[in-house]
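Letters are used for the chains, namely A, B, C, D, E, F, G and H, taken in the order the chains are written, and counting of residues starts over at 1 for each.
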Amino acid sequence: PAAPSALTQPAVGIIMGSDSDLPTMRGAIAICQQFGIAHEVEIVSAHRTPVRMVEYAQTAHQRSLKVIIAGAGGAAHLPGMVAALTPLPVIGVPVQTRTLQGVDSLYSIVQMPAGIPVATVAIGNATNAGLLAVQMLASHNPELLQAVQTYRQELAQMVQDKQTRLSA
Amino acid sequence: PAAPSALTQPAVGIIMGSDSDLPTMRGAIAICQQFGIAHEVEIVSAHRTPVRMVEYAQTAHQRSLKVIIAGAGGAAHLPGMVAALTPLPVIGVPVQTRTLQGVDSLYSIVQMPAGIPVATVAIGNATNAGLLAVQMLASHNPELLQAVQTYRQELAQMVQDKQTRLSA
Amino acid sequence: PAAPSALTQPAVGIIMGSDSDLPTMRGAIAICQQFGIAHEVEIVSAHRTPVRMVEYAQTAHQRSLKVIIAGAGGAAHLPGMVAALTPLPVIGVPVQTRTLQGVDSLYSIVQMPAGIPVATVAIGNATNAGLLAVQMLASHNPELLQAVQTYRQELAQMVQDKQTRLSA
Amino acid sequence: PAAPSALTQPAVGIIMGSDSDLPTMRGAIAICQQFGIAHEVEIVSAHRTPVRMVEYAQTAHQRSLKVIIAGAGGAAHLPGMVAALTPLPVIGVPVQTRTLQGVDSLYSIVQMPAGIPVATVAIGNATNAGLLAVQMLASHNPELLQAVQTYRQELAQMVQDKQTRLSA
Amino acid sequence: PAAPSALTQPAVGIIMGSDSDLPTMRGAIAICQQFGIAHEVEIVSAHRTPVRMVEYAQTAHQRSLKVIIAGAGGAAHLPGMVAALTPLPVIGVPVQTRTLQGVDSLYSIVQMPAGIPVATVAIGNATNAGLLAVQMLASHNPELLQAVQTYRQELAQMVQDKQTRLSA
Amino acid sequence: PAAPSALTQPAVGIIMGSDSDLPTMRGAIAICQQFGIAHEVEIVSAHRTPVRMVEYAQTAHQRSLKVIIAGAGGAAHLPGMVAALTPLPVIGVPVQTRTLQGVDSLYSIVQMPAGIPVATVAIGNATNAGLLAVQMLASHNPELLQAVQTYRQELAQMVQDKQTRLSA
Amino acid sequence: PAAPSALTQPAVGIIMGSDSDLPTMRGAIAICQQFGIAHEVEIVSAHRTPVRMVEYAQTAHQRSLKVIIAGAGGAAHLPGMVAALTPLPVIGVPVQTRTLQGVDSLYSIVQMPAGIPVATVAIGNATNAGLLAVQMLASHNPELLQAVQTYRQELAQMVQDKQTRLSA
Amino acid sequence: PAAPSALTQPAVGIIMGSDSDLPTMRGAIAICQQFGIAHEVEIVSAHRTPVRMVEYAQTAHQRSLKVIIAGAGGAAHLPGMVAALTPLPVIGVPVQTRTLQGVDSLYSIVQMPAGIPVATVAIGNATNAGLLAVQMLASHNPELLQAVQTYRQELAQMVQDKQTRLSA
């Protein structure tokens, strides 16, 4: 859908522990671009740059951010640690791993203790993390809510087109 | 924390497939009450009342709701199906099961296909679903954002008090 | 085996959420063709075309269908949701996934709550879904029951032939 | 629902490997009774009475049976072996186990090779096995199909009643 | 090691459900050849040739066989069913599968109920099944027992040789 | 069955890492007693008495033993280490654990590398370990082989008796 | 064993996220007391007191600590985050959880990325965490190394005593 | 970092069961080289050379070794058995396997009973095993502790450089 509103300050922060996570995280970036949401992309590692992570998380809500998307794999601590340091909602993307296929990432992200939630999406599904961020913003933005509806109609139309080709 | 704002129209819809899920879901209700968020609680079953579920989900954004929390166990389809029918963000709570301990619920809720995200929290952790809903609202409400910060400070203080007792 | 009866109205509905599931689902189509069972093939997505899914499922028994085969992967809601909306028996095919290899699909399909069963087959085994549909029809059709017996004898003969080659 | 038809010859065979499986399998018996389906209940062990199992399975379709429900736990071979010996559809019930909670039963039943399907239901859910058998019969019996619809409406009403009590 | 005794009647029966299991099962054949144990190799399918399987298993101890090695994958019923039909010890080889990697095979083979054991080896490790059969025979054959010892010394020597190359 | 032969020298060694494993391992002892097999029972820990374990395993075949049954839980190294040190066949019993329910025990015992097999039985099923030992001895002892057959007939009769009571 | 050396400054830091982890972590405390190792015990939560955790970890090596033991459950981030902030070796204790039995804790602790190791022990086994800390200190302390040897001899003696009682 | 100290006697023993584990274990060797730690590399198999393993482990602390790194896959007994035979700390590296991807290795290594710990690192992560060994030595060596700090700063710088490139 065409961008319903041009947010000029980054509303979504997209972070990941390593540039090796970037291929996975591009799905979230693409959704922000598609919906015209201003966003920032940063490499922030919970384990290799813990102090920088603390600073990033603690100041996020004082800047323009409304939601943070964090991707990590293995003992994936980035989403949960950022969530512990910001009052903003944090979306976690479990990155697929070679040995345990992302089950380790999923458990490390989703099984947060009471008090500090992380909104977890499917393993490797950064597209859905982007859409979830858009929907959070859309709850308070009728124009964006309409764009989500349009996006859904386009998904339905794609299924319909496949059906048409199948029947042909 | 004291309620930062008294929302008079339900902003959060809390739904579950059966009243057997109610003990789990009370955590979400308690958080809404604690933060003074108007909410509604409904039994809506994806499998036993599918038509009612469709109606509930399709009209949610036309009413006052900003976010939906859905709890379900086993082949847990409620969160994902509601997410497919509303542009609002949907938070899924995997309810613990007797045989597979909730791994079935978790996989059924979190592994959504691209296009339709569900914000999944830990197995059985409806408290965090409530907090996530509050944080989504707080992104656009400075008073509520401050209440989240206060809640976090209280969590930290509880840890500090335990430490004090331990050292005594 | 040669077709034992030429059913002219579709008796088996074969549905899937995406054309990416088609390579898996061809096994079911092939069995229907092999046994001469009239069938229909449709792309129906629980998440992308939920309203169309409801219509498809609610009207299935009013048309000529006797059984529905539904394939889906990941948070695989299609078989269970269709089962919730039709009195016909529904066979679920868990489609293999890249990250969790179809365990997510299997749990999402098989772990249905009391009241709404889905007849689940092995991960990726749409051939068996087709055979199960044939067997359901054959229970009430002696000619078709004989065809199933013949099919079984052919399976046994294939094993015997392999044994002969091995011993040669 | 009231029994829609009084079948006088057993149409459903309910078998299990041990009387220790009987508490689980009662769910299937109860459904047959509720829908007025004549049925038989037998202890047939794949491992302790293999010859008797072969006889039971090979003759099932020559008697009045239309479908077989088989429950087993652990290395659960009964459903698959019976399926290999009868052209009738076989429904498998994975019985919960103490050590692996029924995952072993589930895998042993559902992962059948191409050629010999078993219609698998949720771990421990013999109620759904009974319902699936009823639905297979109902496909060819309008009266029974209506009874299934009535059963579904009663399920929906139970949810509605719970909602009413919750709102009270 | 050189063959310690030339058994002229097959002492070990090596069976599998399909010739697709043959690449896995060659490990057992090779060990029998290496130790000079007369053996037979058969394709016997629990699901596709159940009657032939019953005959094979029931007569095994009346022929010259002392132990049976059975390989199978997925819902792997062959080892357990043969074990139920023979008083001879049965060794089960879980064949690796594409979707669940052999965990389904392992659980289907190892989790046998009290009364009917299957001696299970590692997933895909037919070499060890062969060695286990040799060791069972060697318990009653000093010459063969010495051959097992020699085989072990050769294994140790191979490790020592690798160490020597590493240090070079 | 009555003891078919009174072996006066221990033919079966039953060992375990701790007396906490004794309740599990009693099943193997009972079978030896039932079949009149002389046996010895020892506490031998791979981790707490490694030197004693080496001695026990290295000398086993020089004494009267024909087979060793070893039970262990968690990182269960006893069966595999004993197998590495004796040419006799070793049967491993995975003892159920509190945290991982015995999956850790099972994997630690069954997944042995090529060269050193362990004949693994179901989690916690020492009865089957005892029976497997009896069957290994019975391969070379017609009287004992007949006793195994009798034992099987008694198992079948028990199922038949249950069926009779069920039908009553 | 009697304390081999009275360290007067805490050499081992034992931390945990909540006092609910204290019953598990007492095993580590007991070992330190048994070996006469000065130690400190603190409640430090990665998620509820992240800033305090950073301070604790960053200053640990500047105080007298030589090794840190950290216990946590679920999405267990404490051991890995502390490891990221100190050059000292960190031992992680996965605390058993109610839903996933500690598999989530184990994966969250052990699957650390290259660069930041955590020395992980068995689920719930803080005794071993304490022993591992003692052994790290003992590598550089002959008196303590002897105490570890004595402890091992006592373990062996306990097994021997059990064997004696069993044989009596 | 430049080597902080040139230890001339091997302080770290790096062992593995087979040269097929060498590609995995090179990560540990590289870290020792990078930090200038004298080390030895040996092929020692728990199952193929058990006697040699006992000797290696029993004498390790009498030579110059301060810590042992042991890598193994499948039923991975090497780390635990060596730990049972030495008072030195033992680090276990679960080597990835083809069938179970290293979950078997992980469980076999980490789930040690009380009394005999193994410091387990992530599946296949021998780099971290090397770093953990360095950190154990660094606890008692200020120069080496500083080298660890420098190594960490270099990790952080690498992340910073990636961020810079990303922003460019």
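Heads up, the rule we're going with is that a residue touches a chain if its C-beta (ideal position, glycine included) is under 8 Å from a C-beta of that chain, and two chains touch if they have at least 3 such contacts.
None of the values given here were measured: they were computed from a predicted structure.
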Report summary line: By label, the chains that touch chain D as well as chain H are E, F
Query raised in the report: Which one, D-F, A-B or D-E, has the same contacts as B-D for more than half of its contact pairs?
Result: D-F
Report summary line: Chain-centre distance (mean CA atoms) for chain B and chain C, in whole Å, is 36
Query raised in the report: Roughly how far is chain C from chain G, going centre to centre by Cα mean, in whole Å?
Result: 53
Report task. Please list all residues of chain E that touch 2 or more other chains. Result -> 18, 48, 74-75, 99-101, 103, 110-113, 115-116, 118, 122-123, 152, 155
Query - All touching chain pairs, where touch follows the definition stated at the start - result: A-B, A-C, A-G, A-H, B-C, B-D, B-G, C-D, C-E, D-E, D-F, E-F, E-H, F-G, F-H, G-H
Query - Complex interface listing, chain E residues touching chain C - result: 18-19, 22, 41-45, 48-49, 52, 74-75, 98-101
Query raised in the report: Quick one: in the complex, what on chain E touches chain D?
Result: 17-18, 46-48, 50-51, 54, 73-77, 80-81, 83-85, 97, 99-100, 103-104, 107-113, 115-116, 118
Query raised in the report: Which residues, counting only chain H, touch chain A once they are in their complex?
Result: 96, 101-103, 122-124, 152, 155-156, 158-160, 162-163, 165-166
Query raised in the report: Which bits of chain H are touching chain G when the two form their complex?
Result: 27, 61, 66-67, 87-89, 91, 106, 110-123, 125, 127-129, 131-132, 135-136, 138-140, 145, 148-149, 151-152, 155
